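Note that the chains take the letters A, B, C and D in the order they are written out, and that residue 1 is the start of every chain.
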């Protein structure tokens, strides 16, 4: 109680002062614009829209179901659904967003849109240097700005993207098989109907 | 009686006058420090370093601050124009004048007396700090001790007053 | 393990001490500390009436950061509230997540799987450590320590936030827990990284204590200042480290044994004086206990899923009913009260914010002290204005 | 010049330069030219040192806090003060509407002038003192005392409650610590027998073997040095005694309402006061410009003076990086109940030292008295306030 505590504290700061010249542990600053630490895989910032294939507009996975718009807590998503249907990446006719805006000034990076999206169409970007001097227009990203290729997605979240791709492939395979089966069934049915008109049909074989 | 003396005297007198004439009490207190400073510089121009620096140390460093603190702790620094205290010449100005004249007369008398008593030397005696020290503990030791005792008593008194106030809380 | 007896009659301490009459004709000085004052932790105002530098009266004024949190919650789905709870006490988003998830789980009768329970404990205790360390850093900052303790606290906090980021994707706004588990699973790499960080924490706490605990100036500034009597603390429903610093043994981890806290060995440090120093020390000791819990929890994290497979994320509609769940957040008892009417959004949603309730005794603690002490006492309460104002 | 050896030439290089410049002028005004050159030297060297110190301080604090500190402007961030200076100069000078304009303007000017005056008597090297006066130390303290008034002026004229509180704190603190500051230097005056700073340095200039005869290496000198250090820290409003500007309580204390260059002047004055205090401490206790070991005398005397001053500055920074600040009443208690009695006791011990004569006895007696008094006062002070390490109980 006679100043030992003060001396002890002074030694502690001296240790840190000296340590900062020899140990990274005691000099933790990262010189940001020159040095950048790799962001962890899970890191998230603002949402992006994923498209398959080379064409962003044609390949958008989004089918404008508007679930994310409804679930978004700060309501920063604005979607306008198309009137017509266009074939998606696998060729199935789907609605598509004629307008998909995210106001990243409002967005709070909560990732709920990603969780609720049934089509793996919206994902989180890692890009964080989005500062702009235009407060309104500059921070309102439209669907062109939001659209990012699947390759880009693989780049930023490799593990997650691989899982998503596997899942999608499975779903698409299932869907393709189903549609094929349906088509076959329809064909078989048609054939059967056709055949039935001529003679009693054999039982339709093969399924999904 | 060099020009420097007249300059310093003018500063001192101006400071004194400002002290009396200014309206804002804090300004008055700051003006009196100018007078103190002028006095200290006069001492220095007489080659009395010790007296000059002690004048600054004690009067500017302590007395002026004390005055300022007293003003701030007791009342508003600015006296409203309408109140009687706001005017420089209050009703009792005659009394003040008489007192001031009496004090001035006495000081003038004392100065004139001592000027007669002192031998008419042109050269100043060089008074070093060492000489002052020796005089204080030699020839003037009794007054020094008395003053010391008085100050100790005053300090103890002040402490007791402060402690009493603390107990009352 | 004793449960606090709440007295029905008002204890003596609750009645505000009579305002001492101004001495003589001394002038009272009224100062508005805040809303833009360097040490109000955000936008907060204290209208202080001073006699010299002594506080005669203090009126906390808050609400500058009011964001309609509860009303907002009633307009959106159960899931969508979760990210908003991050923003209550933005230093401890994972504790908030847990509290809310617990309330909704209670409402819907769900239970998180084993692995998720362990994860929740690990994350909550990491949160507690970083919160206590930074809160001590802020306290010392207000004591004028040029930010050195704060920077050391942040150095350590940074490691913990890195763990949060690599698991949840965000450093502060984690939005990680869900009703019936946790959002994403965890791999061994993360657990190992956590073990490494936890292994380094005792050294940090030692250093922190070497810098601060024995410091005479810190003792002189904090001992005997801002005393909160246990009776007043209990009657004003103060919780958390503040209550324990006043010597009341009340830790919801022990009282409710929510989650899996009954499996871990830990002690609850108690102070005897209820002053700022005790609050500081209780926080330091709690950090040590948290490290102890973490070591136990990290030893045997079971395998399995982190999410109840039956749990619904979208279109979640719990049965009509009500539930109140509380956890021991780093700042005190954090409670969530939810009433469901069967619709996708809660009929009533209410937060019991420890910060705000702990702030209610600010005037009682400050009266008679200096302006400088007001800042310290305020800092020792450890509030986050996001939670006070909601 | 050829008669001097090289170290001596370097040692006296500034004196020789002054003489050389002065010799271009008529003999009648040569002393004045010398003084003017000295003044130019002071007002260019010390603000330059100030600029350097701000960088060092921020870098040092940064290193203590595990970060770099300024490193963007110029090489290693050394042009940071230039950028800061430009910023301060070009910033709008805001004067509060209700402020007392004249005093608000005068306060920083008076402060800076008073602080600069203090450098006049500092012997920064052998024969390097602007004015060698008989009562040099007294002059220094007189100048120090007059800074209080400008602090008050600044606080009062701003018409801001924080400023006023800050000014009151500052003035009370400066007056309280001026007394121990003076008394702890009286100790040196008692032994050296002079108020003139160059003579005090000369009194410490001898060596025993290679070890110097600095006053800090005696029991009373060390005690006085520590007390002087505490009082000087407080006089210059540095942490842990930076209450007048304690930003967590009073925003910025007495210069809350100052902006732009006036604010910068306060800032400069604060650092210059630090330098002059360090210079006085060096002169009184650390042998001024004399080298720490006898064989190191080959280095010029001014180098040693400035190195010692920078050591002080480093300690100031180090303390600032470590300690929280005291409270006003504790600060006062510390001044009146610990520092002042201890310096008074030290006066007594010094007298004892002086009259006990040479030998080991005086070392033992003086040290014993001082240590016993320190321990007793520390214990009693802490005990009376019930400050103690505490033990904590746990509930299972």
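Basically, contacts are C-beta pairs under 8 Å (C-beta built on N, C-alpha and C of every residue); 3 or more make two chains touch, one makes a residue touch a chain.
Keep in mind that this is a model prediction, so the values were computed, not measured.
Q: Where are there more C-beta contacts: A-C or A-D?
A: A-C is joined by more C-beta pairs in contact.
Q: Among all chains, whose Cα centre is located farthest from the one for chain C?
A: Farthest chain from chain C, going by C-alpha centroids: B.
Q: Could you work out how far the Cα centre of chain A sits from that of chain C, in whole Å?
A: Centres of chain A and chain C (C-alpha means) sit 34 Å apart.
Q: Measuring centre to centre with CA averages, how many angstrom lie between chain A and chain D?
A: 62
Q: Measure off the straight-line distance from the CA centroid of chain B to the CA centroid of chain D, and report it in whole Å.
A: Between these chains, centre-to-centre, one finds 29 Å.
Q: Please work out the Cα centroid separation of chain B and chain C, and write it as a whole number of Å.
A: So the centre of chain B lies 60 Å away from the centre of chain C.
Q: Mind pulling the residue numbers of chain A that touch at least two other chains?
A: Chain A, residues with two or more chain partners: 1-3, 6, 9, 12-13, 16, 28.
Q: Counting only residues that touch at least 2 other chains, which ones in chain C make the list?
A: Where chain C meets two or more other chains at a single residue, that happens at 148, 152, 155, 211, 213-219.
Q: Residues of chain B touching 2+ other chains?
A: Where chain B is concerned, no single residue meets two or more other chains.
Q: In the complex formed with chain B, which residues of chain D make contact?
A: The touching residues are 103, 133-135, 138-139, 141-146, 148-149, 152-153, 156, 164, 168, 171, 175, 178, 193-195.
Q: Report the residues of chain D in contact with chain A in the complex, numbered from low to high.
A: My answer: residues 60, 63-68, 318-319, 321-323, 374-375, 378-379, 382, 387-389.
Q: In their complex, what parts of chain C are in touch with chain A?
A: My answer: residues 76-77, 79-84, 86-87, 148, 152, 155, 158, 162, 165-170, 173, 175, 183-184, 207, 210-219, 313-314.
Q: For the complex, which residues does chain C have touching chain D?
A: These residues of chain C touch chain D: 1-2, 29, 31, 37-39, 53, 140-148, 151-152, 155, 211, 213-221, 223-224, 249, 251, 254, 267-273, 277-278, 281-282, 285, 370-373, 375.
Q: Give the list of chain A residues in touch with chain C in this complex.
A: On the chain A side, the touching residues are 1-6, 8-9, 11-13, 16, 28, 39-44, 67, 71-73, 108-112, 115-116, 124.
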